[in-house]
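Worksheet for the structure shown next.
Note that the chains take the letters A, B, C, D and E in the order they are written out, and that residue 1 is the start of every chain.
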């Protein structure tokens, strides 16, 4: 569905084995097209975070290759929401969100409107001077989200960004994110544990299985954007969710089996 | 398990909680009174030891005598203290610049570190007394000599701790900077240096004392004479003149200076770290 | 049985301590009932506190000034004998650098002087001969800076440094014996605490006499055993060095000259000491009004002991 | 952005990636070859400086001469080195025991820390040269004297860094222990000490060099002589005799000993921390 | 519903203001009965974690008091799952789970069966020798859960324990937890952002509102235990969820309003 169909990058039989011998990923093939909203769903420990790090270039695969679209150029800006908030503990909320812009040479004053707008969006207005340890877990995660968005990156990699948020804030942020995405046509790879969230947001859901981490199945969510509250109550939505849940269930079982193989 | 009341400890019944509160109160009073009390006790003990063992004044003078000497020789001693402190501060400053500078250099690459750290160690372990003749031949300025000597003594802890700190940065944060195409210097400035701060400040606390002792030792070795001489000269002179009270007066001043430097550096560390680092945080209760 | 006493010297074992080693080696001390142990000092070690604390019975003092200081500080320390009539302290300069005369030495670029020197004779050089205190740099017992800088002067013992400089620097330095220019202190004194004098005068007498005899034997007799002992305590010392030292001590009349020639080695006189004190007062090295009689006693010397051993 | 191939660098086209790989390879080679090369270069430079400036041998001997001396005086020098190393290790051991012991004591309570830290500072800043006469009077055993002196020089970094480490424990972990009714000693043993490990090991690296220099300085001050004397005596003696080659040979041995001690301590630190602390982790790539 | 009705502890107009002036809780009244399964639900930053810490005695309230049942004695064992995993970074998974027993003097050998059983339950068998940094986010959280359960505490405080887990693991662990709870009759205070989870698990849901954090409403989930998959699809369940969602929605709005008051 949706936007452009150019493949932005492709994982070609990518495998990752850590130095302690744990194989986090084996033989993963995945294509991400420009403008995709791709969700990664899978059991805990199946290698979702690892896949995201590989895509971001923070790790190199042990086998296989990650093939970026040459034409996309070298300077694709990537926004990354880590699974943990990963904030600078000594810097205020404002400074943490400002950071990516600051590294691009944007002054505090110039950055202010963008930063404040994002803080407003993640409901953190009034906390710009707090340091991370004075925030609750969910608030920290929201700072991290704001930071990833502040540069309007062309690729957004998000590792369970909303897991620590209450459902209502989560819904709001889901909507916000979708809106932004439709506006700015960036590419999103989104790790989540919520079937509902993945179906609501994404154009494609990739379900992974564990031990070793691999792509188990892919589900295209062929529902039109924009999606809104109505979509959440639609028959389609329920059906997609059901299907995704089922696939996830089988993936878990596959995991179970392969564990018995002694892998 | 826990009962706590609105701003009042009187209604507290739970023994554990009561103990905790009592401890806290004690702590609060203790943290001011006790150090002073213990210091006083130590001085009293010194006095008693002198009396009980009938130690003659020319070996170990009683604290009263030393205090009197500090008072009577104040002009001489304090002007010397000032000279020593000047060298101390300059060499601490140089230790910070040199230590951090080298640490930053070493942080650039593992092989820079492995190539140049040995030289830093050589500097650290070379006895000044032994290489002073060389320094003396090639350095003319007296202050420069003193600074060089005390810098050699003081810079290593700053270097070593800062290096450790620069290498202890959270890996995810480093990845974040990498993703944002931060330059080496940006990473250094915005990430590594602030993250190394607690380690650096720890090194600084060690270097504070060392640069003081370095200043004294430098003067011992490099010698200064005339009016403008520091406490080391006073110590040597007093030792030679068998003037034990003055010798101990000078030593006490060195010690006090050391304590004050440490307190000041601790305060600075506290102010810098208090908002975010465990070591300086007030535990929220 | 022999009484154990310890004598502390102010340096590593060397020929300047020869008399004492001699007396130990040939049993002179033992003959009058002392079992003497010599405890060598070193460049950074001061043995005097050990004397004050009673860990040493006798200590080898450098010159008279410190005894004056002791009086000032009310320390019951006394000089009982002066083995050296002249302090062997010299100042050296490079020949042919315009520093060939004592009066010119103050024009040197650097005075390389040890801490003790700076506290004693240098004060006298400043006030009496206009030396500039700012030019002093410490002597760390390494003559390299002196050799490297021809415009410098350096302190030394007439018995040691000139030899070392000659060996390493390849030239014969000008040597100025301070004693010849007015710094006429006794040196290499034997110091002890008043308590020892009061309680064990016979021990003091034995040690003073033994030392005098030791010195005569060392200078004029067979000193092989003593030298062996010295070499055992200080393995780095060479025979040439020892020979040079003995020669210098004789040539400059360090031990045996002046009053010692008639009163015996160790001799001291009130006049000599008072004269030196007056000079030092004038040079503002020591304050006026010290009761210098408390600094020494003549009870044990000037008895001509050992004169017969001189050949 | 990033292209990486299965175990082969030949097909890599992306310049950034290529650069990274090249850097990594360089790093790997460099980390062995370069330190050696730089050392050789430094020695060569030393030689050249001696030649170019016609520095006489008695001031700064050429490295070749020093090497020869190390060889020819090997028996003397190495037996002295052994003496010095013995003191060094003992005093490092004492520094660890004393430093960690005091740090643990200070960690018990803020007021203990505030009361007794001043004494630690006094020890740190007191010039050994000045108080040696006192030590000399009251300590009889020569080895004990040397150990005391070099311990005074070495213990403070261990104390200071360990204290910092003990105070830098994550607050949630401390809460966890509290919830489990952990005793003070359990908290110390299972939480604070392991958490302080990186800081302690940092302090240890500083103390390693200091205890070596402390051993040398102690000998300078305490002036051991005779057969059983360490490198300091060799240095003094050689200096006095203007035996510069031997002096520098002794200094080189001190430096080498320092470097070896540092490397050994670094290795120990690495082995202890490699599984969990950033500073020792191999970055997963 | 459910178990004993003795009040185990009560929060009496408890308030907490941090030293930076932020009021996290104001005037909170709450009663927890022995054997309760109480869920705390509320917007991010409303003071749920703070409330848990106060109950655990890790902080003391600025105003009001926390009244524990005297008879319950001083030695009530408390298990706490922090919002972050909070593991000893230098210790293996096994050692981390062993820790609470170790502090009680139980040797490694004695502890082994209990530890291994719990690791099995949280699907971490085979990872006992890994150190925390070799685990994924969800795996770390599971270690933390195992650690809290290993002492069979009388009171279990859990701060979003399952937020980082996939839904299937989450369901399994939900069931496991309920089973354990019914078996051992301990008391649970459970912070979650999932309305479904809170309804499925708890006997009572306390909904909090923010700025300042306070109790907004309490919903008794009067459904019989044991609850199982059937309950998840029942009308009752849906109704409870709907009601809880609505209350949460109003709580969020209340929060919004009070923010406009300038609080």
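The rule is simple: contacts are C-beta pairs under 8 Å (C-beta built on N, C-alpha and C of every residue); 3 or more make two chains touch, one makes a residue touch a chain.
Just so it is clear, the structure is predicted and the values come from calculations on it, not from any experiment.
Common neighbours of subunit C and subunit D, by the contact definition above: B. Comparing mean CA positions across the assembly, the chain most remote from subunit E is C.
Distances between chain centres, each the mean of the C-alpha atoms, put C farthest from subunit A. Fitting subunit A to subunit E on Cα positions gives a rotation angle of 180°, stated in steps of 5.
For the pair subunit A and subunit B, the distance between mean C-alpha positions equals 48 Å.
Centre-to-centre separation of subunit A and subunit C, using mean CA positions: 86 Å.
Taking the mean of the C-alpha atoms as each chain's centre, subunit A and subunit E sit 27 Å apart.
Residue positions of subunit E touching 2 or more other chains: 18, 57, 78, 84.
Within subunit D, contacts with two or more other chains are made by residues 59, 129, 133-134, 137, 170, 220, 239, 247, 277, 281. Multi-chain contact residues of subunit C (touching two or more other chains): 46, 49, 53, 140, 142, 144, 148. Counting only pairs that meet the touch rule, the chains in contact are A-B, A-D, A-E, B-C, B-D, B-E, C-D, D-E.
Considering their complex, residues 9, 18-19, 57, 59-61, 63-68, 72, 74, 76, 78 of subunit A touch subunit D.
For subunit B in complex with subunit C, the residues that touch the partner chain are 56-59, 129, 132-134, 136-137, 221-223, 225-226, 236-237, 239-244. Considering their complex, residues 1-7, 14-16, 282, 284-285 of subunit B touch subunit E.
Contact residues on subunit D toward subunit E in their complex (touch as defined above): 170, 172-173, 175-182, 186, 190-191, 194-195, 197, 275-277, 281.
Those residues of subunit E lying in contact with subunit A across their complex are 18, 20, 22, 41-45, 47-49, 83-84, 123, 126, 130, 134-139, 142, 159-160, 163-170, 193-195, 245, 248-249, 252.
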